[in-house]
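Heads up, there are several structures right after this.
Two complexes come next, and they have one chain in common, chain A, joined by chain B in the first and chain C in the second.
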Partner chain A sequence: MNSSSTVQERVKAKIPSALAQNPRLVMFVVLVIVSTVLSKGVFLSPSNIHNMLRQYATIGIMAVGQTVVILLAGVDLSQGSMMALVSMVVAYLNVNGFGLILPLLAGLLVGALGGLFSGTIITRAKVPPFIATLAMASICRGLATLMTQSRPIYGLSKELLVFGRDTIGGLGIQVVIWICVGLLGIFLITRTVYGRGVYAVGGNEQSAHLSGINVQRVKLLGYAFSGICAAIAAIVITSRMDMGGPYVNANDNVQSIASVVIGGTSFAGGRGTVSGTILGTVIIAMINNLMNLMLINPYIQQGIIGAIIVITVTLNHRRAKVE
Partner chain B sequence: MREGKTILEMKKITKSFPGVRALKEVDLALRAGEVHCLVGENGAGKSTLIKIMTGAHTMTSGEMLVNGTPQVLTSPLDGRELGIRAIYQELDLLPTLSVAENIFMEDVPKTKLGLVDWPKMNRKAAELLQMFHVEISPYSLIRDLTVAEQQIVAIVKALSQDSKVLIMDEPSAVLTGSELERLFGIIAELKKQGVAIVYITHRLIEVFEIGDIVTVLRDGENIVTKDIEDVTMEKMIQWMVGREIDEQFYKEKVAIGDVVLEAKNLSVEGMVKEASFELREGEILGLAGLVGAGRTELLKSIFGEYRLNSGTLTIFGEECRFNSPRDAIAKGLGFVPEDRKTEGAVLCRSIEENISLGVLAKKEFKFLVHFPTIFKKAVELANYVKIRCHSLRQEVVTLSGGNQQKTVLAKWLASESQILLLDEPTRGIDVGSKLEFYKFMAELVRNGKSIILVSSELPELMALSDRILVMSNSRIRKEFRAGEATQEQILEHAIPQELREAASS
Partner chain C sequence: MLQNQIQIKHKAGRSFSSNIVLLLVFAAVMLIGALISPLFFSVQNMRNIIVGAATFGILASGMTVILIAGEIDLSVGSQVALTSVLMATLAPISLTLAIVASILATVTIGILNGVLLTKTKMPSFVLTLSTMGIVRSIALVIGNGQPVYGVPRSYSNLANTTVGGIPLVAFLLVAIYLFTWFFLKYTTLGRSIYSVGSNSEAARLTGINIDRITVAAYAISGLMAGIAGLYYTSYVTLGLPDGAVDYETEAITAAIIGGASFFGGEGVVTNTLLGFLIVAIVKNILNLMGVSPFVQPVAIGLLIIIAVGVRTMRKS
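What follows is the complex of A and B.
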């Protein structure tokens, strides 16, 4: 006890209070400086930043939904596979002459229903979120591959391609979508009755229940939101790749969870912010970008990201203890 | 009484934390075979002191002698080595392991091959349990035991390694009646074996029942150490709070109004049997009974947490069927649960958020929150119930027990609950805060609210209630008016029939 308290005092004395209060912001600033120096300024070029954001928009969008679920002391492992399923559904309907709007709505609906389904298993059957969403992931991936015997769907109509390719006022549409989803998430969590419910349920489910919060509904909607975010991300990725792919972005689920964790949200639930998650995604994007600029082997990059997750979580944990 | 050898002596112990001096030159001596009671309000320094004794904290200055030799403890392991053990309120038992495994957690008996010697472990555990005349199987899992039994296991665990000093931090908080007697029996046994016992309690009456000597701490200072024979309850409370307290309880005469809640034959499978009673405006209705008598269950079934199997509940003249607490809250009910940490508050969120929860659930706000409005209301209520904090954005986990409880209560005031169900609201709260809480209850009923109060502290229940219902075995057995019954009479109805018959035969 005593030795740790002196360590705390030492840590507190040495590290500026900014770090103690927001390690992510410091990490962000350090990364900007390091990246700029190492890339001899290339990093700060608008085209590099823009490319980076475009590339990570899908993960950023997923991570917003993931934040809500993790705040609820859960996790959504089905986002990646849900994206594959939505991608296939949207592409299938699009190439079979249903135009643009209907496939998009159908995709969002699939995401929402999938989330509601996971949520129902979790709240009604009391299956732990980890297992329920893992099962959901398998179901989604199975359905996605079943649709075409695992062949990608090509030949999407032109108007569907805007989401991954066009720009509005110089900003890629997917970046605009990411910003909108992010703002929506921030609004939902900080400005609505629902957001208060999310924090209460994640913090202490029983207390929330006895305070009159409809715990089941809060959870159901949380998983539905996560599913919808995955569906939006799926639309962007389908558009960018110009195909419906049953194997798209299997790894994105990990990155979306990583964004949330690096963003400072507690896996125990009840503590964290959507804005932190957005910063978390940007940090992951910057680290990858930096490593690309430095021509680091992509396979090693994966490992480095893993190490960074461990370091941030440890730092967060220590900070929580200091407080 | 005073001939016991001094085992542990603390001299001029001072402990400073950054910004606070938690202990100021405290002296304390523990003798073999003596129960040394440690009392004081929350924040008086009791836990800091025992943590220094066990080595969990190191002192800033001062000296600690064990058997006459100065010792410097730097971790609980050092304390354990010297035979100093503590049993904290939150028992450090592992619920999914067996009794024997828990008892020998730190010193697992091994075979020659270095594997766990299960037969030996279970045999030794059984022997230890036998010493205390308790019927607990060494093979039972901790989670299958009652809290009282778990506590006994914790005591046995602490004693399995030849403890010289045993520190018990509020062991009685969760016990009632016969369980408490059993605990006292065990303490008496330990005294005979020459163990020095430090007993911390908020139930001051116990100090007189089992204490030999009492030390009162206030603001980190040792106010007094005296033999129990030379102390009175009034004096002790005075020392604790540092001023004269004219009353221990507080009750106002309030005009009793119409019936606000009427229960007829309420039954919940296995929990409540045919409970019938009424509650009137401005009334405090006490629920007496032993732990497990069904008092909490009755409150929870009124509050919609448990679904009624049969019976009718009429609130403000309207028959109600609640599917969840949410429905009950909408009808003007509020519930302060027994365990504020697991059921009452959301500890990792702010005071303001906790207070506002009840309002939000009452559907006054559908989707959007007008934050300035609810924040203003929260500030008002926090001031009203006098929560001591730096800011309402502070997490509830940082508050003391009393202030956490006030936060939970403020939640129900925010949602303008008319009927409050209070389950052991003063448990683990210090004397000063208790009195504040009583005054507060008086004010609530004066303003036309009604209260159902569950309390295991009979003097408190008797002083505050207008009527008392006594429960045992899930049934309401008897009703008393205020001042009509003695503690003995209430207890007589609280003890289940079978037990009484068993005792008399």
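What follows is the complex of A and C.
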């Protein structure tokens, strides 16, 4: 709270330097103003904001896991396909009479095991992370489509629909899940020994190893966490769409990476925050919301996300060079 | 200097042994194919393999150049889709115009990839993941998200044309691989790509303009994506804005199985050709065995992991 108020004072005092120091917050403020003006106030209505958050909860949840992996100087390109696989597993078990708890646990287990598998390939076989996870993406997508010959699974039980549709105290459950995962991520990264290990390994793997950190274990757990986040996101999206989908948004993976990048985490590893990522996802949600308000062709939207990644990374790079 | 020579000799020795491994793997999959089905060695099946997989083969030669430069290009699948949309949109006006516009578009995208990469110094997979989305968007906007009809019959027939029983595209593949092989081995630019990929700092000190080499490598990748797109359009007979998804993964697989390294400086296109054929044959065998087509991405993923894993473990 305290730090955010000082940042705001800085924005007021010196906008140009604030732009250089915290472009995310400036982007956020500008987007709020532009969206409010263009939508004649509709943007600020609680229902619009709530809808926006509900829609982007899945990407927000994925992005928390993605942050940890990118902090480790890696990346997870398999999150989107992992979502599809978990969505299919959960729906399949649910439809075939295994109730609620078992499918959910199985889904989380698939996510964790998938992450551990990627992590093992990366740490043991020394395969570059983006290749290992690209291969993993191919495998997950194949398995997801294989389960039902690429047909969606319909007819989920009522209690599974809770995660994407119900509310607690007026707040959508998927938003609550996003907040919980976000808080867990922040706690994990800033308050635990593991979190310090992540920064150390991402900053300099060699020195982390020399200072006695089990580099391989830190990486393995990071990819497992990313897989679990993808699995949680999959449960939410399965519940929201009321089906298991072998092709659930493959584009979500790019948006999860974009959230992390906009959140200020460096691809070189060791620098960045989960809270930045959460703000990054909100910014992406606002940009897409704004494009919808302005009736921009939806086909342009994924291109815009790509352009935003390029611009943000460029600006981050410039900033790092100036510093 | 001496150390360098030793290293080069060492590399040559390794590439010789990996050549033999590659040929053995190739022979093994051919043998398995023959054992699995009597149809495997039929002329029709061989034709199907080439005609069906040629797009990946063309992309893989460009991907090899990029991998040798120590980079990656994930945007080639989207470029193929864009080419098919441009072809289907412009071909009714003029086929020549459509072809020229398509190649110009993809080469420009390649150059932009290269320029952005050298200016921003961001990891190439992040940049090309972004351009992948941007190019896909352009294709979707031009085609309005729908398949575009309008490819002339005479053009779409080209994919199925044979000369003396051999599909036309086989000649195209041979020409492309000869071109890339010659380019990498005998031109200054081609050899500079190797030196930039294996040690960019050393390359810079010898006076090579690294940025220009990187841009050139991406331009070649764009050119190959354009040619692949021209063939793809003829093969699918229409413009598909949402087509050719994940084609980059297949191109990368072929190049890696052929021995290209992710750390740059290594790779031979003739081996990529073998890698491409191995992947195409493995997929064909799965088809002949009646295995669900959805197993193919799983097989591709495992092939990547095995190929890279075995190689990096052998090195260390």
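We take it that the second predicted complex is superposed on the first by the 308 of 323 C-alpha atoms of A that agree within 3 Å, B and C clash if a C-alpha of one lies under 4 Å from a C-alpha of the other, contacts with A are read in each partner's own complex, and residues count from 1 in each chain.
Definition applied: a contact is a pair of C-beta atoms (placed from the backbone, for glycine too) under 8 Å apart; a residue touches a chain by one contact, two chains touch by 3 or more.
Please read all numbers here as calculations on a predicted model, not as lab measurements.
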item: Partners on chain A (chain B, chain C) - clash or fit; value: clash
item: Which superposed partner A:Gly270 touches (first chain B, second chain C, both, neither); value: first
item: Which superposed partner A:Ser157 touches (first chain B, second chain C, both, neither); value: neither
item: Partner chain in contact with A:Ser45 - chain B first, chain C second, else both or neither; value: neither
item: Touched partner set for A:Thr145, first chain B, second chain C, both or neither; value: second
item: Touching partner for A:Leu210 - first (chain B), second (chain C), both, neither; value: first
item: Superposed model, chain A: greater residue contact from chain B or chain C; value: C
item: Which of chain B and chain C A:Gly197 touches, first, second, both or neither; value: first
item: Contact residues common to both interfaces of chain A (with chain B and with chain C); value: none
item: Residues on chain B engaged by chain A in the complex (per definition of touch); value: 17-18, 51, 56-58, 74-75, 303, 305, 324-326, 328-330, 335, 337, 342-349, 353, 356-358, 360-362, 365-369, 371, 411, 415
item: Residue ranges of chain A in contact with chain B within the complex; value: 1-3, 5, 9, 191-194, 196-197, 199-200, 203-204, 206-214, 266, 270-271
item: Residue ranges of chain C in contact with chain A within the complex; value: 72, 116, 119-123, 125-127, 129-138, 140-141, 144-145, 245-246, 249, 252, 256, 262, 292, 294-302, 304-305, 308-309, 312-313, 316
item: Touching residues on chain A, where the partner in the complex is chain C; value: 75, 77, 121, 125-128, 130-132, 134-139, 141-143, 145-146, 149-150, 250-251, 254, 257, 261, 267, 297, 299-307, 309-310, 313-314, 317
